[in-house]
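In what follows, structures are represented as C-alpha cells.
What follows is chain A paired twice: with chain B in the first complex and chain C in the second.
For the complex of A and B:
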C-alpha cells in the first residue's frame, strides 16, 4: 500500500470511528468530544503553521476570535442567518491572518512570536474597547432559536456532534492533502532549512504567507463553529491563554502529524477533567505531564509513535 | 479483573456501621421522605483563576448553608448533597461543568457562579440541558433578558439596581459633580452607564469618565484628568492592581481630596488595614452586606456569621488575616434557601420536576429578613428572574466600615426588561 493510500485509510478510519462514537458514547462524553473536535480543528490550524512550517505563533487566539466574532456580531447585531455568518467569520479570520502575515513575516524566530503576541493583544483589547457592541469581557449569548441551519437544530447534542465532526474532518482532510502536495513539502522544507529552500528557488515568503492564511482561516472556522455550536461569544477566547492552548495540544499530540492535534486536545481535556476531580491543583498535574512529555517524548505522542513504530504516519 | 473480597470481619464492621447510621436521628428525619436519595446540587465554583478568592468563600458559605439545611431536615425530607466542580473562572470550562452536572453527576440543579463572563458562557449549556441554573453573580445579565428561562438570580441583587440606588445618597450627602474612574471593560461600563443615568436623574452630573485599560498597573498618569471642581470621585477598580490604585490616589491628593465613593468589590477579601490603604479613611463604600458587625446587628446576621465561621470583622474565625467576601457571599446562603423553598413548594421529586421548580421560584415574591435571608428583606421578580433588596453604604472610620445608610428596596427597582415566564421551557 502506498504512503498516500495508507494516509487516506488512516484518516477515513479515524473519521469513521469518530462517527460511530457519536452513537455509542454517553451523553457526557459525546458532548465533550463535540467540543474537543472543534478545539482540535483549531489545533489543526495551528499545526499548519507551527508543526509543518516551523513558525511559532503566540497570537493564534486572534484568528479564533476573528472567526468567533465574525460570526457572532452579525448574528447578534443584525440577526444574520448562521450560514452566511459562518462564512463571514471565516473570511474575517482569513483577512486578519493575511494582514498579520504581511507585517509579522518581516520578522523571524523570537521576534515573530512577540509580534504575533502583540497583534493578539491588540485584538483582545479592541474587543474590550468596543464593549458597546462586543459586550467586552462578558461577551454575549447566541440564542438557541438562532442556532439552526436548514432545519437542523445545532443545539441538539447529536446534530452538534456531527456538525463538529464535519468541521474537523474537512480541516483534517484538507491539511492532509496539502501536506502530500508540493506546496506542503515546501512548507516542511522551510521548517527544516529556510535558507536552503530559498536557495533552491522557492518563494519562501509566499509559502509562509499562505501558511499563515490557511492556518488562520482554519482557526477562524473553529472559532466561528464554537460560537455557533455552543452559543457563547466572549473576549476570553481572544486572551493569551487561548493562544497557548493550541500550542500545548499540538506539542502534546505531536507537531507535524495530522492527527496529533486531536490526540493532544483529547489528552489535555480529559487530563484536566479527571484530575480536577481530585485536586484544585489540576493545572500543576497538566504542567507535570507536559514536562514529562518534553523530557521523554519530545516529539509528542503521535510524533513518538511515528519515530519508534510507524514511520509512515502522516 | 480485581477480585471482590469480603471477609467476615469487614462484613461485621459494615453491618455495625449500617446499624449505627440507620439509628441516627439524621437518617430518621430523612426516612419519612418518599425517596431518601440526596438532592444533588451542582456547585460551579471559582476554585482557581481570577475568582478564586470569591470561590473560596462561596464554598465555605455553601457548605455552611447545606449543613444548616440538612440539620433542619433537608429538602422535602431528603438530604442535600453538594457536588463542587471548579470552572477555573473560565466561560468555556463553565459550560463544560454545567454539562458535567447534567450528564455525569446527574445533579438536580446547578448553582453558584459569580463572574459574569462565566454566567454568559454557561447559561446556553444550562438552557440546552434544561438544568435550572441559579447564579450568584450580581450581573445585570439575567434581568436584561439576555439569558434563558432556566437561569435565575434569586439570592443577590444586580449591578443596575445597586448602582442606581447609590445615586440619591451620593447627590444629597457627598456632592453632585462626579468624576468616575472605572476599568475599561463590561463591569466598568455597567457602572459608567447605570450611575451616569442615575446621578443625572438626581440633578447631578458626571464631569469626566476616566476609563482605565485592564492591563494598566500604574494609575498616576490618569489622575490629572480629574476636573478640579469634582466633588465626588466614584471608583470601581478591581483586580490585583487595586492596592496600587488606592496608594497612588492617596499620594496624588494628599490630605485635600474630594469625597470618595467606591464599590467594595475593589477590596473584597482584602484587609482594610493593609499598608497603603490608610488613605481610605473617611471614604465611602457600597456594601452588599456590611463586612463589620454593626451596633444594631440582627440575630440573623449573627447566626449567619457563626454558621459560616466569620468574626465581627468579616474575617475567618480561625485566621483574622483571611478576610471574607462578605458583601457577596450571603448570596450563596440565600440562593440555597430559595432552592429549598422552591423545591418544597413544587414538591420536587427529581429532574422531571425541574420545570415545576422554576415555576415555583417564579411565583415567589416577598422574602422576609430571616435566618434564610440574613442580608435583609427581598422582593423577587418572577418575570425578570431577579431579586431586589436593600443596599448599604458604609464609611471607613478607624480602619473599619461603619454603615451610614441603608437604601429601601424601592430605591433599587427599575422597569422590567424581560418576561421570562412567557418563554417556553
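For the complex of A and C:
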C-alpha cells in the first residue's frame, strides 16, 4: 500500500470504530466520548499550529470562545437558528485568528507565547466585562427547543454523538489532507528550519498566517459545536486553563500526528474524570502530566509509537 | 469625599500595590535576566509565601508581631527551597530551553496551586498585622481665613501600609547594593552578560542558576508576606501578581532591573488609581492589551535597549 492509501485506511477505520462505539457504549461513556470528540477537534486545530508549524500558542481558548460565543450570543439574544449561528461562530474565530496572526506573528518564540496568552486574557476579561450580555462567569444555557437542526434533536444522546463524530471526522480528514499536500509540507519545513524555508523562496509569513487561521477556525468550530451540542456557554471556556488543555492533549497524544490529539484527549479526559471523583484538586494531574511529558516524552504517545514501531504513521 | 482627597487616598493605595509589585516583578525579572527562563509559576511562589505566612502565624498564635516576623523570615526560605528543588529536578534537565521551560513551569504552577488547594483548602484566610494604627491624613482647603488644614472623613491610612512601602523600598535598595557591590552580585551580572565566558572563568553557572531561581521565588514570597495582612491568603491569589509582574517586566524591558522598578511604580500606581475611579476589569483589559502591543511593536520594552 502507498503511504497515502495507508493513512486513508487508518483514518477511515478509526472513524468506523468510533461509529460502532456509538451503539455499543453505555450511556455514560457515550456522553463522555461525544464530549471528547468535540474537544479532540479543538486539539486537532491546536495541532495544526503547534504540531505541524511549530508555533506554541498559549491563547487558543480565545478561538474556542470566539466560536462558542459567536454561536451562543446570536442564539441567546436574537433567537437565531443553529446552522447560521454555527457559521457565524466559525467566522468569528476565523476573523479573530486573522487579527491575532497579523499582530502576534511579528514575534517569535517566547514572545509569541506571551503575546497569545495576553490576547486570550483580554478576550476572557472582555467576556466578564460585558457581563450584561454574556452573563460572565455564570454563563447561559441554550435551551433544548433551540438546539434543533432540520428536525434532528441535538439534545438526543445518539444524535449528539453522531454530530460530534461528523465534526471530528471532517476536521481529521481535512487536516490529514492538508498535511499531505505541498502547503502542509511547507508548514513542516517552517517548523524544522524557518530560515532555510525562507531562503528556498517560500513566503514563510503567508504560510504561518494561514496556519494560524486554519488552526483558529477549527478551534472555533469546536467551540461553536460545544455550545450547540452541550447547550452551555460560559466564561470558563475562555480562561487560561482552556488554552493549556489543548497543549496538554496534543503533547500527550503526540504533536504532529493526525490521531494524537484524539488519543491525548481520551487519556486526559478519563484521567481527570477519574481523579475528580475523589479530589477537587484534579488539575494536579494536568500539572504533573505536563512536567513529566516535557521532561521524558516530548513526542507523546503516537510520536513514540511512530518512532519505535510504525514509521509510516501519519 | 471630594476629588482631591479621593485621589490622595487612591495614590496611597496604589503605592502599597506598587511596592509589593516591585518586589514580585523584581524576582521575575531577575530569573528572566540571568537564566532566560520565563517563570510562569512565579505567582505560585507568591501564593506559597502567603500560605506559609498563615501557617506560621497561626502556629505561633500568641502575639501577631512574633508570628509576622517569623513569617517574614521563614516564608521566603521555604519558597526558595521549593524553587531550587524545582530547578534541580526539572529546569536543569531541560537545559533551560526557553519554550520547554515555559511548558514545565505551567505544570509546576498547577502542581503548587492544587497542592495548596489540598493542604490549605479553598477558603481565604487572614493574617493579623503586627501593628495597625489608623492615621488620619490632613487636607488643605481655602476657607474663610485663607488656607486651612482639616481632616476629611474617610481620608486615612494605617501605620502598617506605610510600613509595607518602607520595607519594600528598603529591600529594593538593599538588593541594588547587593547586585552592584557584593561578590555574588558580580557573579550574577557576569552570568547574565555572557554565560559562556562566565563558565570559562570558572563560575559554577548551574549553581548560580539554582540560587537565582531561589532568590526570585524568595522575593515573591517576601512580597506576599508583606501584603497578606491587607489581603488574605488564598490558593488562587497568584494569578493577578503574575499578570501584573509580566506587564511590569515587559514594559520595563526584559531583564533590565532599573526598568523593572520604574515600571512597577508606574503600573502599580496607575493600577491602584484607575481601579478606584474606573472598573478594575476594564483597567486590566486595557493594560494587558497595551502590553501585548508593546511586545509586538517594541520587544525591547519602553526602557530597554535593543539587543544586538
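As a convention for this text, the second predicted complex is superposed on the first by the 293 of 314 C-alpha atoms of A that agree within 3 Å, B and C clash if a C-alpha of one lies under 4 Å from a C-alpha of the other, contacts with A are read in each partner's own complex, and residues count from 1 in each chain.
Just so we're on the same page, contacts are C-beta pairs under 8 Å (C-beta built on N, C-alpha and C of every residue); 3 or more make two chains touch, one makes a residue touch a chain.
Values in this document were obtained by computation on a predicted structure and should not be read as measured data.
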Using the superposition on chain A described above, determine whether A:236 touches chain B (first), chain C (second), both, or neither. first
Is A:128 contacted by the first partner chain B, the second partner chain C, both or neither? both
First, second, both or neither for A:283, with chain B first and chain C second: both
Considering only the touch criterion stated at the top, classify A:192 as touching first (chain B), second (chain C), both, or neither. neither
Quick one: classify A:114 as touching chain B (first), chain C (second), both or neither. second
Would you sort A:141 into first (chain B), second (chain C), both or neither based on which partner it touches? first
When the two structures are overlaid on chain A, which partner does A:26 contact: first (chain B), second (chain C), both, or neither? first
Give one of first, second, both or neither to describe whether A:203 is in contact with chain B, with chain C, with both, or with none. neither
Intersection of chain A residues contacting chain B with those contacting chain C? 121, 125, 128-129, 280, 282-283
Complex interface listing, chain A residues touching chain B: 26-28, 31-32, 35, 121, 125, 128-129, 131-132, 135-144, 155, 157, 230-232, 234-237, 273, 276, 280, 282-283
Of chain B, residues touching chain A in the complex: 47-48, 85-86, 90-92, 95-96, 99-100, 102-104, 116-117, 120-121, 123-125, 127-128, 139, 141, 146-148, 184-187, 189, 213-215
In their complex, what parts of chain A are in touch with chain C? 56, 58, 103-104, 106-107, 109-111, 113-115, 118-119, 121-122, 125-126, 128-129, 244, 247, 251, 279-284, 286-291, 293-295, 298
Given the complex with chain A, which residues does chain C contribute to the contact? 38, 90, 93-94, 98-100, 102-104, 106-115, 117-118, 122, 243, 246, 250, 279, 281-282, 284-285, 288-289, 291-293, 295-297, 299
